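What follows is a pair of complexes built around chain A, which joins chain B in one and chain C in the other.
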Partner chain A sequence: MLGYSLRRIIYTAPVLFGVSVVCFALVHISPGDPLISILPADASVELQDRLRVLYGFDRSYPEQFILWLGRALQGDLGTSIATGRPVTTEVMRAVGNTLMLASVATVIGFVLGCFFGFVAGYFSNSPLDKAASAAAVFGVSVPHYWLGMVLVIIFSAQLGWLPAAGAGPGGSSQWKFDLEHLSYMVLPAITMSVIPMGIIARTVRALVAEILAQEFVIGLRARGLSEFGVFMHVVKNAAPTALAVMGVQLGYLLGGSILIETVFSWPGTGMLLNSAIFQRDLPLLQGTILVLALFFVVLNLVVDIMQSALDPRIKR
Partner chain B sequence: MADATLNTPVIPAVRSAGYWQNVGARLVRDKTAMAAASVLLLLLLAAIFAPLVAPMDPLEGRLINRLKPIGTEGHLLGTDELGRDMLSRLIWGGRLSLLMGVTPVVLAFIIGSAIGIIAGYAGGWTNTLIMRTVDVFYAFPSVLLAVALSGALGAGLGNALLSLTVVFIPPIARVAESVTTRLRSSDFIEAARASGAGAFTIVRVHVLGNVLGPIFVYATSLIAVSMILASGLSFLGLGVRPPNPEWGLMLNTLRTAIYVQPWVAALPGAMIFLVSISFNLLSDGLRSAMEVRQ
Partner chain C sequence: MTAPFLSIRNLGVTFTGGTRPVRAVNDVSLDIAEGEAVALIGESGSGKSVTMRAVMRLNPEKRSKLDGQILVGGRDVMGMNARQLSAFRGGEAAMIFQEPLLALDPVYTLGDQIVESIRRHETISREDARARALDLFDRVRIPSAKSRLDNYPHEMSGGMRQRAMIALALACRPKLLLADEPTTALDATVQIQVLLLLRELQRDLGLSILFVTHDIGAAIEVADRIAVMYAGQIVEQASARDLIRSPRHPYTLGLLKSRAHDAMVKGVKLDAIPGAPPDLANLPAGCPFAPRCTLADAGCRNQPIAIQDIAPGHLARCRRLDKTALQNAG
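Take a look at the complex of A and B:
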């Protein structure tokens, strides 16, 4: 267990390094002069050269990378071109909102996905299985940004039950866990939960069917264990994998929230990315991507270690 | 299996043809998969023959006709925010949307398989070097990587296709590598090597036939994801540019109309959904048709 965790952590180091290289490269694969968005249109060549030295763009790529990485390790991701504020401040403000939304969505998706998955796996090839499997296929096939729009059409535009956009009257800075604020979260959270719902339902269905086909289940039944007792054994055997899938899905939602946040104007990292792209604010784009990618890598690491702790059969 | 391959390399080729015939026969009996395939074929034909099928010009509209509801005389599916015929735009939109959804997976299938097979067959340091590089790209959530790359490269069809291809190479390369690695140590490859076959011949004759099947099934399941992602990039304004009809972009420009003509605004998304669910069902059918190995 300890050995596996250590090996897994050591293995993650080069991946983290690679991820930061990719993020560094983002600014440099961008067409045109990286200075173009900060410079006034009529900037003199002299001013251009001064800024180029100031931002370090006159140095070689490896040199620039080491300087950038050194600053990033100290929590300095540069300055947003559009707002003039530090990128770290902007990202940290937004990341909390995304984390909150993604966590709620993952929990909803996990509960529904497990329910559909267990029903489908238990009553394999029955009409119930067909219905639950259809829900799973729906979850992995529906373009979530479109589902969000359809929900807004039904529940905001037509019925007027729920707010269509934003994170509450005071914006994200005055977020409170009261009914009014939570009502802003309902539609985006449900929309977001559909993807993990589908994936978890498919995983759990396969797991349950596989576990039920094993001999120890026949043994349990032969010993006269109640159906509930058998069910608990199935839960115990399916739990490590299902929880691991849930963890990875949370990571995907954190990184993939841009479309849903755009539909619902949710003030998280997705909205931040969206504005960074359209204002050609490359430091902000780079910083946000780096933070989200690091989150994803570390989350996968934690999930793997926890899974090996829960399920001692895993010794890779 | 082992004694069949010892004779000549011709025999496995014949065997695999029979296998694919079986798969095909099983797939044809799968009603859901066939329904999905028919939907896809229909949409593909409509997109290819768009100039003949579409009742009107997808780019021309009159503002006086804007945002007509579904069922309007002359505009069966209504009109968009610039008064253009929705039915015609949806038919024409299939061209770019299907192209953007399928192309990245096809390219990633070719490049990813090549990378994975080389890494898997070479093993050792070559494998470590290639697969650790692939892992770096795999460490990004797919939506994030697509948005990061096309955001940095700038909007446009070509950049969106490039970003999506990069997104789908790592998962395909990983599947190709793991299948090839497992295959590499099997007896019939060992036998081919012992009988003096070169690496290229072994890969061409023995590895490809056994590896491409599983990768192909996996790749078909990625097309649904690719459709959603590609239209998602256009929805964000990173893919196709207006006034070209593309489902994701249409969904984006119609967003402001959800209070006026909600169901017209939702139509392009329904098309993306239809295509993506059809690809998923077809891929599921293909997988279960291939799983039954005699």
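Take a look at the complex of A and C:
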């Protein structure tokens, strides 16, 4: 177990290097001059050159990469061109907000998804299964920005129960644990939870149906186990895969919630990415993508180790 | 004769899940005395496993219909409620399966599965249950039993797994052991070891065994009596010795003739029964074996055939027993 975990951690090193190369390259491949956004339209060539040297854009790509990577390893992701603040601070604050939202959304999605999945799997091909499967398909296929807007129209505009946008009163982006801040989280979290809910429900349904068709379930009944006892065995058999899917979903939500965060003006990584792209804020874009990729890699690592701890058939 | 421990009377099993109902078991009556081993033999789809599962009511409840009567130790299995049934399963009666790798939960260790089973039926501490699991592993002669208890099913060899499965079945000291082709998935050398183990356990513990197999050799090895099934019916039953020496039903005769034996020389064709078993969703009105039977006449095809006594303890379901007696003599 320990050996497997160690090996698995060592394997992530080349992955991380690859991630950093892609992060760096991605931004430089994309068209557009990063300095355009901060230079006045009539800036002299001389000023342009001076700024270029200042930001290090005059050096060769490998040189820029090594300098960037060296600083990144020390926790310095550079300075945002648009705001002039350190990228690390900006990204970390956004990551905190997104992590909060994505975790809540994943938990909601996981609980609902497991519920629908187990119901559908246990009563497969019954009307209950049809209803639960329909909910899952809805979750996977509904455009979530549209769902977000519909929820805002109903619960904010029409009923006035919940705030429509932001992470706190007065546009504050600092998260606090109180009822008022929580109310800001309800709509985006529900909107976001719909995706993992659908995917987890479908996975769990397939898992449960497959497990119930196996002979050992008859074996368990033949030992006199109650339906609840059999259910616990099904849960333990389904758990490794279900948790793995949940981990991957959390990873997607961390980076892939640009549309939802923009709809709800949630000050997280999605919104940060959005503005970084539109302002051609290269250091911010690089930094955000790198941090998100790191989270994704670490999350996968945790999921892998967890899965091997739960499923004895995975070779350690 | 004292009352049998297991008594099956006119058992019928119909599967209703498909487009047409399938009559998998039809009018099966079978008794097993205390401490007796009875083998149920027949080809795939003859209803032997379904009959065995019906004894524990393990056939899918929503998709199957049972009729007839099953008594185990005088108690009516058909009339048991959920609580009684789950105390009965694994308690009074236990089952071992054909492929232990599929019949054991892959993500629990064998020790945990045995402990779970014991604690399901008895109020006993985890430690005591584990001590009993260890005894059971020794009993079925699993080497280094203590460390084997912490193995997962996939970490064991096939023969070892089947021994573990037998240990699990014996965990709550059942009186009736249902064995569903327990040696079919094993190597020939391991098969005989497992059969001998079953025989030994049966003698030592006084178990009644219902043993399902399509291997006549295995049946002779373990069973006191043998019942032959065809198309959901028992066509003949007798003591193992009588059945082998003087089979009376044409199907049994065909089965025994189709065995490879010592006198066979290279190039000699193996005798086989022509044709194929009938469709269970569309059974003929008369004897289901009639279309393949060389002795069948019009009377065989018209109406169901009743099972009749030939000699004490020897029953056959055939109208042409006069002819088969001649075949036997010749």
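Here is the rule we go by: the second predicted complex is superposed on the first by the 302 of 316 C-alpha atoms of A that agree within 3 Å, B and C clash if a C-alpha of one lies under 4 Å from a C-alpha of the other, contacts with A are read in each partner's own complex, and residues count from 1 in each chain.
Definition applied: contacts are C-beta pairs under 8 Å (C-beta built on N, C-alpha and C of every residue); 3 or more make two chains touch, one makes a residue touch a chain.
The model shown is predicted, which means the values in this text are computed figures rather than measured ones.
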Partners on chain A (chain B, chain C) - clash or fit: fit
Chain B versus chain C as contact partner of A:220, first or second or both or neither: second
Partner chain in contact with A:297 - chain B first, chain C second, else both or neither: first
Touched partner set for A:153, first chain B, second chain C, both or neither: first
Which superposed partner A:22 touches (first chain B, second chain C, both, neither): first
Touched partner set for A:236, first chain B, second chain C, both or neither: second
First (chain B), second (chain C), both or neither touched by A:142: first
Which superposed partner A:251 touches (first chain B, second chain C, both, neither): first
Which of chain B and chain C A:311 touches, first, second, both or neither: second
Where chain B and chain C come nearest after superposition, their Cα distance in Å: 17
Residues on chain A lying within both footprints (that of chain B and that of chain C): none
Contact footprint of chain C on chain A as seen in their complex: 214-216, 218-226, 229, 233, 236-237, 310-313
Residues on chain A engaged by chain B in the complex (per definition of touch): 14-15, 18-19, 21-23, 26-27, 29-31, 137-138, 140-147, 149-150, 152-153, 157-158, 251-252, 254-256, 258-259, 262-263, 273-274, 276-278, 282, 285, 289, 292-293, 296-297, 300
Footprint of chain A on chain C - complex, ascending: 53, 56, 58, 82, 86-91, 94-95, 97, 99, 102-109, 116-117, 120-121, 152, 154, 168, 172
Touching residues (chain side chain B, partner chain A) in the complex: 132-133, 135-137, 139-144, 147-149, 151-154, 224, 227-228, 231-232, 235-238, 251, 255, 258-259, 262-263, 265-266, 268-270, 272-273, 276-277, 280-281, 284
